[in-house]
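Going by the order they are written in, the chains are A, B, C, D, E and F; count residues from 1 in each one.
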Amino acid sequence: MADETNTKKFLYINRKAPYGTVYALESLEVVLIGAAFEQDVSVAFVDDGVFQLMSGQDTAGIGMKNFSKTYRALGDYEVRKLYVERESLAERGLVSDDLMAITYEDENEDYAEKPSIHFVDRSEMTKLISEHDVILSF
Amino acid sequence: MSTLHTVNKSPFERPSLKTCLDHVVQGDAILLIEDAVVGARKGGAFAEALSHKQASCSIYVLAPDLAARGIKAEDIAEGIALVDYGGFVDLAAGKARVCAWL
Amino acid sequence: MRFGIVVTEGPYTHQASDSAYRFTKAALEKGHEIFRVFFYNDGVNNATRFAVPPQDDRNLQVLWSELAEKHKLDLVVCIAAAPRRGILDADEAKRQGKDGNNIAPGFLISGLGQLIEAGIQSDRLVMFGD
Amino acid sequence: MRFGIVVTEGPYTHQASDSAYRFTKAALEKGHEIFRVFFYNDGVNNATRFAVPPQDDRNLQVLWSELAEKHKLDLVVCIAAAPRRGILDADEAKRQGKDGNNIAPGFLISGLGQLIEAGIQSDRLVMFGD
Amino acid sequence: MADETNTKKFLYINRKAPYGTVYALESLEVVLIGAAFEQDVSVAFVDDGVFQLMSGQDTAGIGMKNFSKTYRALGDYEVRKLYVERESLAERGLVSDDLMAITYEDENEDYAEKPSIHFVDRSEMTKLISEHDVILSF
Amino acid sequence: MSTLHTVNKSPFERPSLKTCLDHVVQGDAILLIEDAVVGARKGGAFAEALSHKQASCSIYVLAPDLAARGIKAEDIAEGIALVDYGGFVDLAAGKARVCAWL
């Protein structure tokens, strides 16, 4: 939709756990809609935001919609750059294997399956922020 | 008579768990609900404080909230017991008052 | 045993109303009495009948209204907190010169004294909030 | 310079809407352009015309509506976030079979794409929330 | 209003700064209404709640109602037990002189003016909680 | 080009100021608004961290929010500058982007 001169680098920063508040879900809704605008999109998971990507989420007992599978579909929306801060994981007793595997098919390499999640340390996350045009915080 | 303390926020996000731990007496119970359950994860920054506190207080976590956040029962810090909403009701009924650390 | 329940956040943004609903239901199933559910602060936003959640999501207003009808629950919405947030019943709408109201069935707008009374009359007061 | 403003909390409970209003006013006074004010999450609750704050307190809905009229501001309320919280315009109320609506003058319900567009078209996007 | 057998000990725990959120104001509104019920009322200020009692609050620049004077009127409503946690003050760089002087007139001692604020340490605050029947948290 | 970071929550209540301080680069600006202003108080637990950070970043506090909370301008940690809403606008216009630590 947007022409080349209007392509901006969007960074979504997610810092809240899912379900206790709605921010994780409503952030995801913006990411999905935003994907149609053909911008350069990255999604960052910092602080409690890393819990959004936990595998095995089961919301049956709290009566809320489990939207965690939607993160796995992001690749189909061309959202393929998810950045998880290593320090945030470690502080919470989590390791990368606790998170869902999220991949996309690379159409330039015969649809090879590639990981969407990149684990970055704090200094890399800091650099990411300073390289984006628009920052949306949830 | 003793108190049931409820904490509903992640201890990484709010001071409410820390403040709660600073204000319990021998025999009180602490129940972690909603986002607070993430603090019960083994190896997390608050697991040790929760384990220490068990010398004087019983500590519970609401199982449905734990499951929603993808944390397995076997991954929580030792000695923390799981309850469902019925167990939450029993805890509230069994103590003299409920103090919510909102 | 007699419980009083206080909800201080609206639906969706915080889990408070969900937790309070499930606690209330579990207490009733165990044969306890619910003296009152009092909605304060943003909790008054649970009481709008205009809410239209996504079809695959829960509708907390409807859940509360149905639970209230089934168990004759007293759902009280604070008269100080509600109008400032745009929750009105027919009387309040008329008094304020507004052209409509949005209170849902089973919810009653009343004073803060009802919260104090819930504290006095209940064996346990349990709060759910942010 | 062209600013986009995002408000993600309702009036009263959080200061976000107050801060956003004062920032917007100050930007206009300095001759900047406001591309759009987008209300998301609980921010949609700023758009109800049913709000009746205490007489000695500010009325954020009225403040926003007046500022919008004076400066031809584009106040957009998210169509995903609004109905689930009970904020409806006449069209949405009709579509959902509701017996009334509560959108305030100067606010327009529209899609999330308007937020992305604000990010693209504004020189700076400034968010106010919890 | 309530008869003697229905007198309970109410404790309000305030833990939020004023103005950034509405909790301080709406807590105060409950305390004022509650005073008419002739219960035994105490109000505690813990964590950022201590900022509610700061002297010299001036809200002209943010367009919000300055409700801090209402705390000084609590004595007239028979609310005369305000407890401020010393550790919460110290962590915030505050001393007791930063707070408003809040007093009441003791009708049993020829209307002598007495302080309503009691500075307590954490262990005393803990004891207070365990001695009350109803706890309202804001 | 550098970033304006806004923090609106008390650092005693949320980790957002700490997380912000961990994610700034040389030349960025940090503006404390709403309840975050209480962290600027001299002698408070965050005053030292804010003072240290001034080696690489400029730090501001929104004066109307400071006044509302009864904190006097002379009581804030050294080197922190006061701005009004117009100054907030100037800061946002003067940096390449605004990052809100909500």
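The definition used in the following text is that a contact is a pair of C-beta atoms (placed from the backbone, for glycine too) under 8 Å apart; a residue touches a chain by one contact, two chains touch by 3 or more.
Every value quoted in this text rests on a predicted model; they were computed, and no experiment measured them.
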| item | value |
| --- | --- |
| Those chains which touch chain B and also touch chain A | C, F |
| Longest centre-to-centre distance from chain D, chain (CA-based) | B |
| Longest centre-to-centre distance from chain E, chain (CA-based) | A |
| Between chain A and chain F, centroid-to-centroid distance (C-alpha), Å | 27 |
| Inter-chain centre distance, chain B versus chain F - centres from mean C-alpha coordinates, in Å | 33 |
| In chain C, residues with contacts to at least two other chains | 8, 12-13, 15, 22, 41, 54, 57, 125, 127, 129 |
| Chain A: positions in contact with at least two other chains | 19-22, 47, 62, 64, 133-135, 137-138 |
| Chain B: positions in contact with at least two other chains | 8-9, 12-13, 15, 34-35, 64, 84, 97-98, 100, 102 |
| All chain pairs that touch each other | A-B, A-C, A-D, A-F, B-C, B-E, B-F, C-D, C-E, D-E, D-F, E-F |
| List of chain F residues in touch with chain A within their complex | 2-3, 15-16, 19, 22-25, 28, 96-102 |
| In the complex with chain A, residue positions of chain D that touch it | 6, 8, 40-41, 80-81, 111-113, 115-117, 119-121, 125, 127, 129 |
| Sites on chain E touched by chain F in the complex | 16-21, 47-48, 51, 54-62, 64, 66, 68, 91-94, 98 |
| Touching residues (chain side chain A, partner chain D) in the complex | 2, 6, 8, 10, 22-23, 26, 29-30, 33-34, 36-37, 39, 133-138 |
| Residues of chain C touching chain B in the complex | 1, 3, 8, 15-16, 19, 22-23, 25-27, 29-30, 32, 123-130 |
